[in-house]
Amino acid sequence: MPDATLLETFDSPTTEPFLIEHVNEEFTSVCPITGHPDFGRVTVRYEPDGACIELKSLKLYFQSFRNEGAFYEAVTNQIRDDLRDCMTPRWMEVVTEWKGRGGIHSRITATAGEEL
Amino acid sequence: MPDATLLETFDSPTTEPFLIEHVNEEFTSVCPITGHPDFGRVTVRYEPDGACIELKSLKLYFQSFRNEGAFYEAVTNQIRDDLRDCMTPRWMEVVTEWKGRGGIHSRITATAGEEL
Amino acid sequence: MPDATLLETFDSPTTEPFLIEHVNEEFTSVCPITGHPDFGRVTVRYEPDGACIELKSLKLYFQSFRNEGAFYEAVTNQIRDDLRDCMTPRWMEVVTEWKGRGGIHSRITATAGEEL
Amino acid sequence: MPDATLLETFDSPTTEPFLIEHVNEEFTSVCPITGHPDFGRVTVRYEPDGACIELKSLKLYFQSFRNEGAFYEAVTNQIRDDLRDCMTPRWMEVVTEWKGRGGIHSRITATAGEEL
Amino acid sequence: MPDATLLETFDSPTTEPFLIEHVNEEFTSVCPITGHPDFGRVTVRYEPDGACIELKSLKLYFQSFRNEGAFYEAVTNQIRDDLRDCMTPRWMEVVTEWKGRGGIHSRITATAGEEL
Amino acid sequence: MPDATLLETFDSPTTEPFLIEHVNEEFTSVCPITGHPDFGRVTVRYEPDGACIELKSLKLYFQSFRNEGAFYEAVTNQIRDDLRDCMTPRWMEVVTEWKGRGGIHSRITATAGEEL
Amino acid sequence: MPDATLLETFDSPTTEPFLIEHVNEEFTSVCPITGHPDFGRVTVRYEPDGACIELKSLKLYFQSFRNEGAFYEAVTNQIRDDLRDCMTPRWMEVVTEWKGRGGIHSRITATAGEEL
Amino acid sequence: MPDATLLETFDSPTTEPFLIEHVNEEFTSVCPITGHPDFGRVTVRYEPDGACIELKSLKLYFQSFRNEGAFYEAVTNQIRDDLRDCMTPRWMEVVTEWKGRGGIHSRITATAGEEL
Amino acid sequence: MPDATLLETFDSPTTEPFLIEHVNEEFTSVCPITGHPDFGRVTVRYEPDGACIELKSLKLYFQSFRNEGAFYEAVTNQIRDDLRDCMTPRWMEVVTEWKGRGGIHSRITATAGEEL
Amino acid sequence: MPDATLLETFDSPTTEPFLIEHVNEEFTSVCPITGHPDFGRVTVRYEPDGACIELKSLKLYFQSFRNEGAFYEAVTNQIRDDLRDCMTPRWMEVVTEWKGRGGIHSRITATAGEEL
């Protein structure tokens, strides 16, 4: 199940503001009602405030959702919360894009802080 | 015919503002004049104010237009009205994109509230 | 329901062999088990033997499947049979391509006669 | 030749502001100097103020340019004027995009009113 | 109306076999029943037998169909016949691809001689 | 783990030869060495000999690989074997296409019988 | 060499503001150091103030750079200057996009006046 | 003008048959009638018989057509002849693809020897 | 290793503000932990303040990272710093886009000064 | 430098013929004349005869070309030879596709054995 303790950070290489974006094309979790797998893309954009998320730890964190049952809206807000707690960025945006079910595909966006 | 009672909601997983988008690639209704089928894509974007639209109920609501005769402009405004009544979002946008007839394709956009 | 009597033909403008292809991007029928709509593309390729299918009659024939419940494999073979009976081409190929359900999309091909 | 009397309107289905876009992929007129045909796409975007343009009448209006000799810039402004006179929208934008001649392709944009 | 006397040829620059393809992206004629314009792409592929079609004359020949009412199948065979009469190639293929009407788009192929 | 007993068939709607293709865009299994997830597309093409694979059962069969550790080459041959045993088609082709790892992406193809 | 006297204008068909864009996909000049040819796309966008650039004269002006040796940055500013002198638009933007050399491709943008 | 003496070869690194393809995306010559520039792509595919064409010499050879007036068909056969004379390959194919003029784009193919 | 002394500038051809963008599609460095190569695209956009970066020197500077071990975030900030020191632009943006590792691809953006 | 001893194999999971394709999108070596880096894609397709190439060893083998100076034609034949020696497949094809230099991009194909 989702495990925020997997997340690790490293010190930002600069004190000047800059922007980081990581896109995971291979996110999967499970529908809590039907048990069928959901597939999607997760994009994390943030402006670091001293700490950057370590890339391999981010991958393992995403993999921890593999057999978790959760709705799109809840998964998106949980990732936003876990990353915000872990590195307290100046600004962050989490976007999840889910492949279609029954002809409908979805996209959820949650943010933290104000974009500069 | 279009049936707004099919729409169901669930409680938003957070009180923080966030954005939801559902895209139905397989919308079809019927031209009220010629009786020929129309095909299109319907996109619903909204910022929930406590209630989120349940995805399966949204699919069934869209399917209820299948044999309904209605103009593009009217369909778009009806979907906006039905969804606004159902979940009273902070902001909502409904976009319908219709495949071409006689070399002309169309796109209608109706909103509710002010985007943040 | 599917109505082969809608199909009409006209005389080929030449006795020399040639090839005709019509692609309907807006085919829809209904799943006979779940009642949910199916959407797809139907391609008809044929070499006429005196008779050509009239385009508007072909469109109306395809529309007659709109509320019919039928499996992919059966729809494809029925279209092949109806068109073969109607115009007895030298060769014909019917390809149906169905949008995804549960992450799986399908393509069925049925032929009549030998391609030259 | 271009015939604005072909244009017809119908009452908007709502008094709330919304946006309509029609794209004609198959516009053709004739170069007034060389007599060679020009081909292009015409996009009309507008916010109705009570009246909407009827789609079939718009198609016939566009077809009336078929054998008309006119420069790109003049055609674009004429379409803007004719549609503005016909339905007095809150805001309107007409974009013509012309296929290349001698390696150069062009795009002309004329507006009426202020976009909301 | 279509005018084969517009077609001109020039001597092939070589006696060795080679292949020529000209693609006209801007073909238009008129539906003989409804009077509505048809738009399409015409591709001519051939292996010359001494004579090559002159490109500007080919363009003018295609333009002579502009206000002609003709079915897809007849237009395709007429172009094949006119070009075959004009330059007697070793092999030739004429393909017309027509933009959609009522959701159906079409492609007609006529040949002359055997491809090497 | 992979479970071939999930596979079900139904009788072919015709005794004439025809071709069926199902494409699963959302296949996932696990690398047996690193434990990291693999993602890919699985395509099954076959010519039935009386029995067709039921689509929902095929989806559940593919899902049964979700937490299975297996090499690309072994997964592909196992799917070929399980489907061949289940419906004894006249001909079958199984293609797996795997997303990149370390900049290398792969595609494995296994067949059964001779294509007509 | 570049010849601004080739440029001609005609009177704008309207006194209302509108926007014109011409894109030349086939621009070529020569590197002043190596003598190798450079290839690129030139886009001119402007809002006319009474005078519009005549399209054929623009094509000939662009062709006059064919054997001219000039750096990307200088070519872009020269085109901006020549067109500004010729038609004194309310606003103008010249964008040159150059195909890659040694894996690097470039894009230069010069403007005149303030966009409305 | 075209200068075949620019072409240089080097010894093939193997006596086993293999296939080489070079694609020049930036070919330009001049129309011998109008003097307007022509732009296109030239593809050379060949199976060497001991000698391979040196890439930089090929680039300079193509550049020597820059201000040459020649028809599409003649350019293609000349390139085939010059390269055949220079390296006597087992098999060779030269394809020129020309950007559109007046809505028509062209593709010429000349070969030497039999493809294995 | 990265060598900022490779960077050279030339005088801007104008004192008016304009925008320059260079995109290197073939950047490569090495992961400092695993030693595996990283591949990506580097985009430099800037508004010169008298000095422009010379293109060949920029290419050699990028090549000097080839066997350097460095994190994405550090590489991006170093390029920004080196270019800022070298030509003191009015405004500059450096974007690095890195191909996927383990299904995650990344994009880092660092700026200098305020965009006009 | 290229090191064939890095290559490792494992036993094929079946004695039936099947096809394997690995595509490395991130191949780089160095031009032996100019010292500039070359970038390309390498595709290996083969039908195993008992032994399959191990994927991680293949990646390391490709990385060993990183600082090697070699011509396109020689690299392609060397990869073919090294892989043929290592696993003696029934059939193999090696395709290298190289990004453009001076507007020309290339593709080299070497095979071993006869394709079934």
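A few comments on the model shown:
Per-chain numbering from 1; labels A, B, C, D, E, F, G, H, I and J assigned in written order.
Please note the rule applied: a residue touches a chain if its C-beta (ideal position, glycine included) is under 8 Å from a C-beta of that chain, and two chains touch if they have at least 3 such contacts.
It should be emphasised that the depicted structure is a prediction, and the values quoted were computed from it without experimental measurement.
Between the chain pairs A-C and I-J, more C-beta pairs are in contact across I-J. Remark: chain A and chain B have CA centroids separated by 28 Å (rounded to whole angstrom). Between chain B and chain C the centroid-to-centroid distance comes to 31 Å (mean Cα coordinates, whole Å). Within chain I, residues 25-26, 36, 39, 99-103 each touch two or more of the remaining chains. Looking at which chains touch one another, you get A-B, A-C, A-F, A-I, B-C, B-D, B-E, C-E, C-F, D-E, D-G, D-H, E-H, F-I, F-J, G-H, G-I, G-J, H-J, I-J. Touching chain C in their complex are the following residues of chain E: 71-74, 76-77, 100-111.
In the complex of the two chains, the chain D residues touching chain B come out as 10, 12-14, 16-26, 52, 55-56, 58-59, 62. Taken in their complex, chain A has these residues touching chain F: 25-26, 28, 36-37, 39, 63, 66-67, 99.
Listing the residues of chain D that touch chain H in their complex gives 36, 39, 99-103.
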